[in-house]
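You will see two complexes here that share chain A, one where it goes with chain B and one where it goes with chain C.
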Partner chain A sequence: MSVSNETSWTAKVRERAVGALPPEKLLADKQPVYVASWIYVFGVLSLASLIVIIGSGSILALKGPGWWHFTSVGHFFNSTHLWSVELFFFFIVIHLWGKYWMAAWRGGRARVWITGAVTFLVAIPCALTGYVSQQNFDAQWISTQAKDAMNAAGIGAFFNLLNFGQMYSYHILLLPAAVVALVIAHVLLVRKHGVVPPFEVRQTSETVEAETATPPVEEVHS
Partner chain B sequence: MSRRERRAQDERYRTWKGGYRPYDLIKEASIAVGVVTGLVLLLTILFSSPDERPSTVQSWARTDPVDFVTTATTQLDGTSGTATYGPPYNHASDGQHILFIRPQKWFGVSHPIDTAQDFVIAPLRSIPGQPVLQSAVSAYQSASAKQQAAWTTAYENALGKAKANSDGSITVPAGSYGPVSTIMPALLSFAQAGGLDGALLTSKQFYQTDYTKPLLFMADGGLLESRAQAEHLLGSQWGIMNETGSFPGQSWLWLYTFWYQIKPFSTSANADVLVMAIMGVLSLAFILVPFIPGVRSVPRWIPVYKLIWRDYYRARA
Partner chain C sequence: MIASVFNLNHPTHTVHWHFFSMSVANVVVIILLFVVFVAALLIPFPSARQGGSQ
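After this line comes the complex of A and B, so read on.
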């Protein structure tokens, strides 16, 4: 007796996932010839920085938020956490500028741009909550100054920079989870759509707007 | 150009039909992690990281007792920055607004703070074995609002001429301050002994992680601000995007802090809500760049791409 999988949700999800991202696309061993510039390095460097951030942050989390103030080893790992954050933002800003000048949203890649841009924007409060979780003068000053913007925007009720416990939760769980989820989505979309090809230089100036334009969302995603 | 033609052109960019070259994704990622780890370790060894000790109410009361007592008096009579803040701390004002929009009021008073009760009265009530002090607190509480204001106003005016003594106490010119002249020195002594730091964190439960009250109390005084000025962290000095010492701070906040440096934001009472609104619009525009006419065409008009893909174009030529 044969077993039918036509109604299996699992089978449908698997077939759709494999269809969108077959193994040779997910873990590609070839790239288009035009992917040959140093600017492409900054995407993977951003990703590598994020890995170091999570690694150093995990060590700090293992020992608790006060550890790094009283031990040289703790201070060392706090320093690695700080510098990996600085590098992450440095790399991701260059990566975003590079992708802007490539108009990397062309060819149905709008979601690739959007997930990258949102990742950057979510990383900002992720870092801010880290600064106010430091338990030093920096944290005192930043939290008491930045609270006014949060309160004025109406989010102070559930994003209270003066509440260390709440900010620590945001910093080590909620916001990093959001950043990681966005990065995973971003990378999978890059693997699915591939790296945007170069502009076709033979085109005339009249086609400029059309060439860099992105069709309506439903068309982009079709 | 019609939508169909636009779609057809965009279609050309969907799939690359040209040549490929060998590529090792895992190898590249591994090397990147190694390089970044090495760079982070190098920066850590060379520069370490800043860690300026936090201020406490105790240190504030000891180093600048006049400023502490002046701030505490404004907490008692409800004229401090926190007492007049509005949501989410109290109903003393409506907060900042853009036209008729007041986001600050949307979630109400989520962190209720009565500065007189929470910052002065309750901490003093927790001190045992001081009947004179407790009588003074009772006398203040039972007085009319007008009488309370007369005492605190006279005391605040006198604090302008107050002097700090070598033993940490302050000398205030004689005047009609009622029980305030007993309450404030007692609060100062309590703070200098470290009691107020603990009292401001007291809650209904044993564990505590919310520093809203002591931070607001301290932020109303001058200690944090004077330290921040020395560390070039004031709002007029590009504020929180800087870091203590010479370390790089949150430079990615430059556009947020930029607005606070220019008019009308630098002088507006609604600066925070205005800046957040502008940044909200700009953030949305940033996300939606692929759909914004003109902005999405700049990369074609200014051909930086010819530099990025110079090898590709050279090969085609």
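After this line comes the complex of A and C, so read on.
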């Protein structure tokens, strides 16, 4: 027989988490009808690319530069890592454009927009540190060019493109951890607030009310 | 070893127009971004055609 203690911090955290994101909202099986558009696909494509990036990057980190430069399987994973990054940025840019023109911060969704935009900004140095971590002439060229930009911005003293150890640490730990944490926060906030509805042709008090409310879920879209 | 599909053994081709200077590869990617963005807005989604209207 268990005894419930409502004053414990675990109970409070659980109640708050379940209150904000009940299971049917966290793992919804229905979406509003307006989500049936290709422009809504690019968020999940960015997410899929990120999963491939993390997976291929983990293998590269385990095997090391001798493997990714001089074996055919290493070349394959190196290329997979590069092209999943290219696709990630391609998809996230279209996702960002789509959400910008939808004004996706409407209806109390400011934190959804901010976490998405900051994810894009943090992903840029994450990619840059990857380019300078390749251990080849390309990496040398990029690091010697980019260091001037960092020095001009006044951050070269603590973000040194010529310091391989520092760049590699940023690339395989600090920045990916930040991107993944931001993406998790972004997805949870999307689940909490729902997907932003499109603009109505004519703004009325009813449509304004609909924008601020939780979107309807009775329309099935699988 | 299989040669690259594209011959990359030459200096980068760039697009120059007044102050604008960018590699052809980057210009192609930016054009592709616009094309895919417009296509995503205009091409109907499959389930929307199968009676997903309100």
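Following the convention adopted for this analysis, the second predicted complex is superposed on the first by the 197 of 222 C-alpha atoms of A that agree within 3 Å, B and C clash if a C-alpha of one lies under 4 Å from a C-alpha of the other, contacts with A are read in each partner's own complex, and residues count from 1 in each chain.
Just so it is clear, a residue touches a chain if its C-beta (ideal position, glycine included) is under 8 Å from a C-beta of that chain, and two chains touch if they have at least 3 such contacts.
Every value quoted in this text rests on a predicted model; they were computed, and no experiment measured them.
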- Message: I'd like to know which partner A:E15 touches here: chain B for first, chain C for second, both or neither.
- Response: neither
- Task: Check whether A:Q31 is in contact with chain B, with chain C, with both or with neither, and answer first, second, both or neither.
- Result: first
- Message: Just checking: does A:I39 make contact with chain B only, chain C only, both, or neither of them? Give me first, second, both or neither.
- Response: both
- Message: Looking at A:G107, would you say it contacts chain B, chain C, both, or neither? Reply first, second, both or neither.
- Response: first
- Query: Which holds for A:I94: it touches chain B only (first), chain C only (second), both, or neither?
  - Reply: second
- Message: On the A-aligned overlay, A:G156 touches which partner chain: chain B = first, chain C = second, or both, or neither?
- Response: first
- Query: Which chain A residues contact chain B in one complex and chain C in the other?
  - Reply: 33, 36-37, 39, 41, 93, 98, 219-220
- Query: Where on chain A is chain B touching in the complex?
  - Reply: 27-37, 39, 41, 44-45, 47-49, 51-52, 56, 68-69, 75-76, 78-80, 82-84, 86-87, 89, 93, 98, 100-103, 105-110, 113-114, 117-118, 121, 124, 127-128, 131, 134-146, 148-149, 151-154, 156-158, 160, 162-166, 168, 193-194, 196-201, 206-216, 219-220
- Please name which positions on chain C make contact with chain A in the complex. 29, 32-33, 36-37, 39-41, 43, 45, 47-48, 52-54
- Interface residues, chain A side, partner chain C - complex: 33, 36-39, 41-42, 90, 93-94, 97-98, 219-222
- Item | Footprint of chain A on chain B - complex, ascending | 1, 3, 5-7, 9-16, 18-26, 28-29, 32-33, 35-37, 39-41, 43-44, 47-55, 87-88, 95-96, 103-108, 110-111, 209-212, 215-216, 218-219, 224, 227-228, 231, 233, 235, 239-240, 243-244, 247-248, 250-253, 256, 270, 272-273, 275-276, 280, 283, 286-291, 293, 296-297, 299-306, 308-313, 315
